[in-house]
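Pasting a structure below so you can have a look.
Chain IDs A, B, C, D and E follow the sequence of writing; residue 1 opens each chain.
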Amino acid sequence: MITDALTIVLTGTGLIFFVAGTVGLLRFPDTHSRLHALTKADNLGLGLVIAGLMVQVPSPLDAGKLVLVWALAILAAGTTAQLVARSALKKGQSAPDDEGMQ
Amino acid sequence: MPSSLALTAIIGAPLLGFFMTIVWSRAAAVVASLTSMVVLVAAVFLAVSVSAHGAVLTSLGGWDAPLGIELAADGLSVMFMIVSGAIVLVVGAYAQHEFVHPGTETRSGFAFWPLMLVLLAALNGIFVSRDFFNLYVCFELLTLSAVAMVTLNGKTESITAALRYLLFALLGSILYLLGAVLLYAQFGSLDMGVIGQSVSSSGAEILAAGLMTAGLALKTALFPFHGWLPPAHSGAPPPASAMLSSLVPKASYFITIRLWFDVMPELAGNPLTLALGGLGGAAILYGSLQAIVQTRLKMVVAYSTVAQLGYLFIVFPLAGGDSAAQPWSAGAWTGGMLHALSHALAKSAMFLCAGLFIISARTDDLEALRGIAQTMPMTAFAFTLAAISLLGLPPSGGFIAKYLMLTSAFASGGWIWAFLILAGGLLAALYLYRPVRIMLSLPKQPGQPFKPISRWWQVAPLVLALGAVFLGIGSNEPYALLQIGRPVAAETGL
Amino acid sequence: MIDSLFDLVLCALIIFVAFAAVSGRDLFTAIVFFIVYGLMVAIAWLRLEAIDVALAEAAIGAGLTGVLLLGAYGRFKNIDAARMGSWVPLPVLIVIALAATGLSAAVGVVLIALDPNGLGLIPAVNANIAQSGVFNPVTAVLLNFRAYDTLLESIVLVVALVGVWTLADNSAWGQRVGKTQSVRANGVLQSFGRTLPPIGLMIGIYFVWAGSSQPGGAFQGGTILAAVGLLSAMAGLFPPPRVNDARLRLSVIAGPILFLAVAIAGTAWGGMFVLPADLAYGLILAIEIVLALSIAITLMLLVLGPPEMTETPQ
Amino acid sequence: MMTWASGWLIYGLTGATLIGLGLFGFASHTNLLRRILAFNVVGSGIFLVFGATGFRVPELGADAVPQALIITGIVVALSATALAVSLITRHASLSGSATLPDDDREDR
Amino acid sequence: MTAALPFLVLMTSLVPALATFWLPENQAATRNGLNLGGAILKLVLVAYMLYAVGQGAVFETRLELAPGLFLLLRIDALALLFVTLSAFLWLLTTIYAIAYFGNGPNLSRFFGFFSLCVAATTGIAFSGTLITFFLFYELLTLSTWPLVVHKQNEKSFAAGGSYLGFALPASAALLVAIIWLESVTGPIEFAAPRELSGLDAFDLRLILALFVLGLGVKAAIVPLHGWLPAAMAAPAPVSALLHAVAVVKAGAFGIVRIIYDVFGIDLVSQLGMAQPLAILASITILYGSLRALQQDDIKRRLAFSTVSQVSYIVLGAALAGPIAAIGGLAHLVHQGLMKITLFFCAGIFAERAGIEKIHHLDGVGARMPWTAFCFSLGAMGMIGIPPMAGFVSKLYLGVGALETGAGWVVFVLAGSSLLNAAYFLPLLYRMWFLPAREDLETQPPSERPLGLIVPAVVTATAALGVGLLAGAPISPLGWATLIIERDYLP
């Protein structure tokens, strides 16, 4: 019972961060601030979701796998954010509406 | 046991050759020749075994259908395998002059050989497979190798043609796959035999059969899905065209025949046979008329393929048309199959001839070939022989095929089909007369505008053309072989 | 009830995303939606208890296909808008729409009419899995019951690779495959590329090994390995190989060759593809491992594309 | 049980819809990359139909044969896509166009 | 031996044909040796067969194409009549052609196809089933074409095009006739005719008409004759082949076979088709002669003469009486001998003296006596002056017509003979009685080499001989009598 409650609270909080990150992505004016919102909020959100799930798994090995997923996601997100930011810089950074799509 | 070994070799050998030519491209031509010889020997061995003991059936991995995949060789598959093996062997010998370069490996010199062998493996795989999904995989193998062959010369038009071909073929594959999936959903099996025993005319079966037929027709370039064929077949290098035009569409046609005659004849009826026959007839007329107005030799030959493939679909309405007076049975069906085989031989010969002309004259523009017969009489002769078979004139295989089909048409009162077959022959005379006449004319200005070609190289198309003729004179053996394991519906009709 | 609701929502989302991918405003959006679509379909596979398929769909269907499409998109930069293509004329469009709708409806009707208790080959698989040498039924089908299909499928990949290489310039033959990437030394991509491979390798190998008893197998593992290899290549950890490198070609076909060899060896045990029950596990594992490596390299090369003459040595 | 019995059908019908959607895209775009993308949508729709019909009796789990064949199918589709994408890029760099020549018929 | 004989005889032409294709152009000796050797060997075999068949023997070679569908070579008396003619003329024409072409270009090709034509003709004669007949008939069509276009200039290609333009639709008609009939009856063997009287009469009429249409092109029945005068663009040995050895004969022979061995003469009469056919033949006879009269070119005049003469054979068959039939069959040989003489001579005139038009012939008799003499013999035979061969056939045709009650035919024959005289006698007059042109005087033309003139002399003598010795059993007339009395009279 207590573990279930913990899971609900943790994943629920994690989801709120996700929502916040997504709102940021949609509302912020330029590439850099969008990245800022997205990476920070999502990495934390994912961490909370993972934490929520970890209390449910039977063995430490499985818990380890979950942590690995988080670690990889953070690594990937960090690298990607760097790359996107640099690409935006090269294009002439502060064009608020241009997402680097064209 | 030995015959199932031969069945193994017929697919295993070209696959092995495929691998070897990839890593050992220096010896690719030799490997290819040896491989196709092995295939041919295995096919002939199978033919002997099939005529002696009937169709050969083997379950791969020891798992019977429906869990496992079964391979079977009856007379029909054996005949197609022999002809494919022979064509690939000759084309391989021809291609030694075109795709073997001493010294460093070149792009097309590398790619042609593995593609040719995997094409052969895929063809043989199709001819013996009894499993609808396995057929899908084989078809993809065939399509990808065929499309890659179209691009070999690297020209923009060839890339465009290959793309168009790929799109059509993929659409065909996917429709076919959907049909196969629906069959599994209905029967819990993908095996032709298992499905054939429990056909019940449910909606799933009808939809599946329709989708598969449509997909296969796309791959066979049946009118009006033929648009991809002429550019692809005329854009490929001639040895590739020879295989693409003679064998690749036959594979999908082969499965169309299997599907309707072997597996679900109960589902067929007048709407189907009339539709397929009608499209076939339209293909004959349209393809021939287009061939008449082309100005490039390879385009003439490619459009002729569109027309000739049309004949194959007239088998559907004609099957079962023999009257009691005929001493043979299943005349139209057998005639159709013989036509497929003799067209394969004749058409590959024509493309190889065209290839030699292109090497000699540096173009296949018809007018530029004026008088080329003086430089290359043997090739011109081979082209003419092949033309005779396409026209359906005796003593070629094309003649026996047309004779059998026409007899069924008359015996069953199918005047319209008889007319189409005859009109197709006369139109073929029109579109093939022009190139032959131009080749034989005297060159406009004296002197030799053409590069001489070694005699041995010219033998290749001649061998294939003679094969087409031999199929007519020696038609009894193929005829008897085709009857082994022949579906009942071939005699009773659809 | 909740289950059904979830399925309905998921399916609706899948259709919506697919619609966006098919008819999205511009090509880039379409590709992005396609990748999202692939991931959602992977979830659908989980719901259908087809975990192997889910892995394959996520890794290959969404991942690699997406990478291929994005890579091609990147090369469309020089094409002006007028030649980017649009829709076919409206009357044709209507006909196509009607035909497509008709086909969907027909398939739907057929599905509804199907026997709801159709078992397919579940009983047959269950009855024979003990002799197959492995415990994962999907692996049993792939590498034993229908090993022939799988062999041909692995060859299809190689043929595609030969086809892709055929598209090189004549003059580029013998060069390194793909476009040369410029990577900043010690940049973030490079350090990422250094960090990831060990973990990626471990995961990939785990997938292959697990395939015999749990979801996973040569194709899924191979895809992950391919991804690792691609990343490393992009990070400049090693230069892309040359097309005429004999070791490279050997590694591409090693898996299919081993597979074919085992299949032919089967004739000694009673027929092509026959695996004797006591050796089956070992043989299947061996095939899976070598095949996974070959698949990984083939997939990597498929993404890198034909050799291009960008690095002419001065 | 009832919910699952309709569960497979939901996915099956979704698959059927995706097939139509994909075919529509395949035939209605002129941009070659979009056509290949749509082709992949058709493919996964067919696979979904296949997988769904293999899951008609949930108590017995999913039929392994369709799963295996779907994996095969996915790999085959990838191979075709890879070749197609390379062809399209090559075509684009040679002709400067992302579509096939406009006259859809080579046969005049 | 008995089973292989027809095959062997076929090979005596086929093997030289196929071997010649591969010979390099400069191997003249080998080439000539091959072809002459084949021809001589063939004549020897033919002589043996004449003896054996005269004794009542029948030879058969069978090859199965499909269950119950046979490629059958069968030697009966009728077949032998045609083969003897073609074998004899093949030898002479080969000798003539060797002399005619000298070192001309593309000779391997020419002799290859020439022998192939003869092989096809042999096959036609030996055909024991309809399908065999069609097979060789088409082989003849195809192997003739390269000969017609041998000169490879625009004119010969036009001629070749016209030839195929007539021949291919005709073979379609023939094929339809064969298949239509066989779709009802099964494969037809000449020696074992099917009972056709149960079939729908209208269908049978149509089928017979299609047969005549298909065969009539080669037999040059009006209005299907257009290709024959055009084909004069070919070299003289080809004309000889077309008009005497092979092509037109094949058509006429085919019509005889169809009437006698497929339908049976009684059925043809019952169907009411005999008389229309006889009328058609008569029209052709008169029309051909009329057109010949208008020609200024020697070879064209001869060509229209052939149109007219070949229909005698058809007429003989269509009259449905034994005597007329004998006359028709005998004319098959007679016409061949006479017409080949004329073409040999025309070739010598053209080649040696540049004579192509009628008025060039003035006074040529004194300068080229051998040629002119042979030409005169041939022409008199054509007119039907006794005791030439042509007289014998016309006599039998006339008597046969009276016997069957078709008296009007006698008028046709008489009219035709008058016309023949009208278009041949002026030539003879010019040759023998008019003064020569100046250039003939200053540069007397040569009739050498012997290879040119000897064949003409031989055929002219033969044309005279078969008329004089018509009563002998081995003469064409005697043989035709044997055919009709032994094989076709009840």
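Side notes on the structure shown:
Everything below uses one rule, namely that a residue touches a chain if its C-beta (ideal position, glycine included) is under 8 Å from a C-beta of that chain, and two chains touch if they have at least 3 such contacts.
The UniProt protein names, listed by chain, are A, E = Cation:proton antiporter; B = NADH dehydrogenase; C = Sodium:proton antiporter; D = Multisubunit sodium/proton antiporter, MrpC subunit.
Every value quoted in this text rests on a predicted model; they were computed, and no experiment measured them.
The chains touching chain C (Sodium:proton antiporter) as well as chain E (Cation:proton antiporter) are B. Looking at chain A (Cation:proton antiporter) and chain C (Sodium:proton antiporter), no chain is in contact with each of them.
Chain centres defined as mean CA positions place B nearest to the mean of all protein CA atoms.
Set against the C-alpha centre of chain E (Cation:proton antiporter), every other chain centre is closer than that of A.
Chain pairs B-C and C-D differ in how many C-beta pairs they share in contact, with the greater number at C-D. Centres computed as Cα averages put chain B (NADH dehydrogenase) at a distance of 31 Å from chain C (Sodium:proton antiporter). With centres set at the average Cα position, the gap from chain C (Sodium:proton antiporter) to chain D is 13 Å. In whole angstrom, the spacing between the mean C-alpha positions of chain B (NADH dehydrogenase) and chain E (Cation:proton antiporter) is 42. Taking the mean of the C-alpha atoms as each chain's centre, chain D and chain E (Cation:proton antiporter) sit 69 Å apart. Shared interface positions of chain B (NADH dehydrogenase), i.e. residues touching 2 or more other chains, are given as 67, 133, 137, 140, 144, 147-148, 151, 159, 178, 182, 184-185. Listed for chain C (Sodium:proton antiporter) are residues 107, 111, 114, 118-121, 125, 145-146, 149, 153, 156, 159-160, 163, 167, each touching two or more other chains. For chain D, the set of residues that touch two or more other chains comprises 19, 32, 49, 53, 65-66, 69, 72, 76, 79-80, 83, 87-88, 90. The chain pairs satisfying the stated touch condition come to A-C, B-C, B-D, B-E, C-D. Taken together, the chain A (Cation:proton antiporter) residues at the contact with chain C (Sodium:proton antiporter) in this complex read 68, 72, 75-76, 78-79, 82-83, 101.
The residues of chain B (NADH dehydrogenase) lying in touch with chain C (Sodium:proton antiporter) in their complex are 4-5, 7-8, 12, 15-16, 18-19, 22-23, 58-63, 66-69, 104-108, 110-111, 114-115, 118, 125, 133-134, 137-138, 140-141, 144-145, 147-148, 151-152, 154, 159, 178, 182, 184-186, 188-189, 202-204, 207. Here chain B (NADH dehydrogenase) touches chain D in the complex through residues 67, 133, 136-137, 140, 143-144, 147-148, 151, 156, 159-164, 166-167, 170-171, 173-174, 177-178, 181-182, 184-185, 227, 230-231, 290, 303, going by the rule given at the top. On the chain C (Sodium:proton antiporter) side of its complex with chain B (NADH dehydrogenase), the touching residues are 106-107, 109-111, 113-114, 118-121, 124-125, 128, 144-149, 152-153, 155-156, 158-160, 162-163, 165-170, 173-174, 244, 246, 249-250, 252-253, 256-257, 260, 263-264, 266-267, 270-275.
Of all residues in chain D, those touching chain B (NADH dehydrogenase) in their complex are 19, 26, 32, 35, 39, 42-43, 46, 49-50, 53, 65-66, 69, 72-73, 76, 79-80, 83-84, 87-88, 90-91, 94-95, 100-101, 104-107.
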